[in-house]
Amino acid sequence: MRIDAEAINKRFGEDFVALDDVTLAVPEGSLTALLGPSGSGKSTLLRIMAGLETPDSGVIKIAGNDVTRARPQERGIGFVFQHYAAFAHMTVRDNVAFGLKIRKRPKADVRAKVDELLDLVGLTQWGGQRPHQLSGGQRQRMALARALAIEPRVLLLDEPFGALDANVRAELRRWLRRLHDEQHVTTVLVTHDQEEAMEVSDTIAVMNKGRIEQVGSPQEVYDAPATDFVMSFLGPISTVAGKLVRPHDISLSHTPAGGDVRATVKRVVHLGFEVRIELAMDDGKTARVQLTRAQTAELGLSEGQEVYVHPPASKVIGRADEHQEAVLAASDDDTLSEAVA
Amino acid sequence: MVVRPAWKYSLRAVALGYLALLLLAPVVFIFIKTFEHGFSTAWDYVTTPAAISAFWLSVLIAAIAVPLNTIFGVGTAMVLVRSKTRGRKILDALIDIPFVVSPVIIGLSLILVYGLHGWFGSWFIDRGIPIIFNPLGMILATVFVSLPFCVREVAPVLMEVGTEQEQAAATLGASSGQTFWRITLPSIRNGVAYGVVLTTARALGEIGAVAVVSSNVLGSTVSLPLLVKYRTQVPGPGGVSAAYATGTELAVMSLIVLVAMTLLAPQRKDAR
Amino acid sequence: MIVLLPVAALISVALGSGLHAFWTSFTNSTALKALEQTLAISAIVAAIGSVMGTLVAWVLVRDQFPGKRILNAVIDLPFALPTIVASLALLGLYGTGSPVGINIALTKTIVAVALLFVTLPFAVRSVQPVLLELDQDVEQAAASLGASNLTTFRRIVLPALRPAILSGTALSFARCMGEYGSIVLLAAAKIQLASLVIFADVESATGSGNSAYQPAAGLSVALLVIALAVLFGLRRWGTDRGR
């Protein structure tokens, strides 16, 4: 089922504007991510969609029906919390069965459905355990099974992997995508991790300070950012000859070609599978370039060397003088290293 | 801090000595004194008609006061923690009054309200419900005195559990009632259990307020603690020894309560 | 509701017979003496109790020995035991005919002992959880900077415990001021505690109407006011200069 938010406004207290005239259409069967830093309003929007918060003004529609005044129980949604909200005093099976028992489904049906779901999330042999006996990742899978049990029209996930270790997070991310591909439930995911948003979702809505800055596919928001914020939030940017490029789109060489800029290698940082080169540009600023290990080895780079920087025209995402805020945001990281050096 | 052994042992000795003198010695003494003249004598003292009726009165008082205060306690805790009304701070302070005020004063104030000439006293008496100098008054006094315990045990637990589970239940379709019974109550059950135990201990042992409000008639308005007091004033061996027997009876009851307390005590109270 | 009404009634009767009567009710010699003695003994017991309570809490938290868990449970005994049983026990143990040969019945000492018994859990349990939560890293940092154990205790641990200790002291004090059950068998002509005086006044109230209880009510209100004032003061001190 599609879910629509129209002209949502929400204020907390006197000064804090959580959501400012937000409109978003989530297509049926899609996996949409609400991406943004903390305070951007993404969780608030999600909770308003769920009915856990009420908007000051605006409308929420599910499958075309106005549900703005409806309580969470009545919306047919499934919600997954960052810290699992597991029913601590119930077993895993009872947790998953909860929604069905509330709806007074026959016991046999409930048992069958729970079995099915536990199998789906890979927790079959943990059915009789209590949540505290499970790992974080397992608890979140249980929470998902619990939400899916009631066959929700829309699935809402509030930073579901935020409380987990990095590798568990990565694993569950992939698993969520596969689950979505099988089940096709309309899903909205809130996250502050751009990598997560890009890996998992069909559509990303980038939010900042209570507004939606851009809605588009992961490719679109990364390569064709609509605003400075989106540009700098989605990934790092480097300024080369007044043009903004993503560090890994830049190539280096020892011989100049047309349009190349000269620079000196300041630092070569090996980050495992990739290498980050910090360059001192002629105008005194620093630019970052990301290369693979192979490329670095081929070039034989070392500090103090002179190289030529080639920003491919097709990969330029903007001009520096038109996007000063983005440049500012990007250079914030450099200021500290400069101070130390 | 790494404490030098000399200090460690002396601190330990002082603490243990203090506790032994203050706590253990008196309790052990009571038991010894009770069975000084043999078990059957002690048993006789405990089974006199007055003693038996005192026992049942104490049990009755507790049986009414504890459930009442439990329900009130859970309800009040919900209001204090979950609702947003402005009177919360006042409610909070009011709850502590029975904790801070002397039981004798509490008894007096109850007389002033429900007694023969009390504010509402005549209203009750006219309808054949005498409160003061009556078991009903003793129950009322006990309820008043043990009021805060359940609230004070449940409220922090309620706060710690948080509202997320309740929100999850809502998204899964549970009504407020269903959420309360299936999710909220079970999640606070340890706090409630501990509160019940504390309330029971207080209800059984209460003497100050009850002494003021009771007519002290053996067989009808004398609870176990009051019986102890009464017996100490009876001259001769039948008095004080009988008092010790009742004392032991109460001590045994409170030991059971103490065991329950220890088993249910919130984890944070245990020494590492 | 259940609580407000009696409190209101108390105050109204206390003042009902006029200001002069109110004044006399607690300034007459018996009442005054009782108030003084109650205040004095409550203060002393609260003070000693908090020192010993902190010590006991320290041993329970920082020390290890067999049977510690049982000891920890025993701390709650005064909370579970009916106060009158404690009174009886102390009377027999440390009074006339005492097996241990100590006879301090009818003295202030035994009353103090009874009050220490009753307030032990307050003193220990208010400090214990704070002590448990205390991050020993801070103490270790102080040690690495050269502070002796005593200094570390005085300057690092004690200030951190101060609010808890004061809170426990306040509770103990309030409890002492109003305590009845544990001292009713111990006190006699030698020492009059306010609660006993009030009780006597209530028992001896004659005449009709609530005003007969006026002396008791007046003294009660005076007692309450003092107790609350000290409580409030202690709490304020605890939070004011605490971190």
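First chain written, first letter: the chains are A, B and C, and each begins at residue 1.
FYI, contacts are C-beta pairs under 8 Å (C-beta built on N, C-alpha and C of every residue); 3 or more make two chains touch, one makes a residue touch a chain.
Only a predicted model underlies this, so the values are computations on that prediction, with no experimental measurement involved.
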Minimum number of chain-to-chain touching steps separating subunit B from subunit C: 1
Chain of greatest Cα-centre distance to subunit B: A
Dominant interface by contact count, named by its two chains: B-C
Distance-to-centre winner among chains (Cα means, whole assembly as reference): B
Rounded Å distance, subunit B centre to subunit C centre (Cα mean): 18
Between subunit B and subunit A, distance of the C-alpha-averaged centres to the nearest whole Å: 54
Gap in Å, rounded to a whole number, between the CA centres of subunit C and subunit A: 58
Subunit B to subunit A touching residues, read off their complex: 164-165, 167-175, 178, 182-183, 186-187, 189
Touching residues on subunit C, where the partner in the complex is subunit B: 2-7, 9-10, 13, 52, 55-56, 58-63, 65, 68-69, 71-86, 88-93, 99, 113, 116-117, 120, 125, 128-129, 132, 136, 139, 143, 149, 152-153, 157, 174, 177-181, 184-185, 194-195, 198-199, 202, 208-210, 213, 216-217, 220, 223-224, 227-228, 231
Of subunit B, residues touching subunit C in the complex: 1-4, 7-8, 11-12, 14-16, 18-19, 22-27, 29-30, 33, 94-95, 97-113, 115, 117-119, 143-144, 147, 198, 201, 204-208, 211-212, 224-225, 228-229, 232, 243-244, 247, 250-251, 254-255, 257-259, 261-262, 265, 268-272
For the subunit A and subunit B complex, residues of the former touching the latter: 50-52, 71-73, 77-79, 81, 83, 85-90, 98-99, 102-103, 143, 146-147, 150
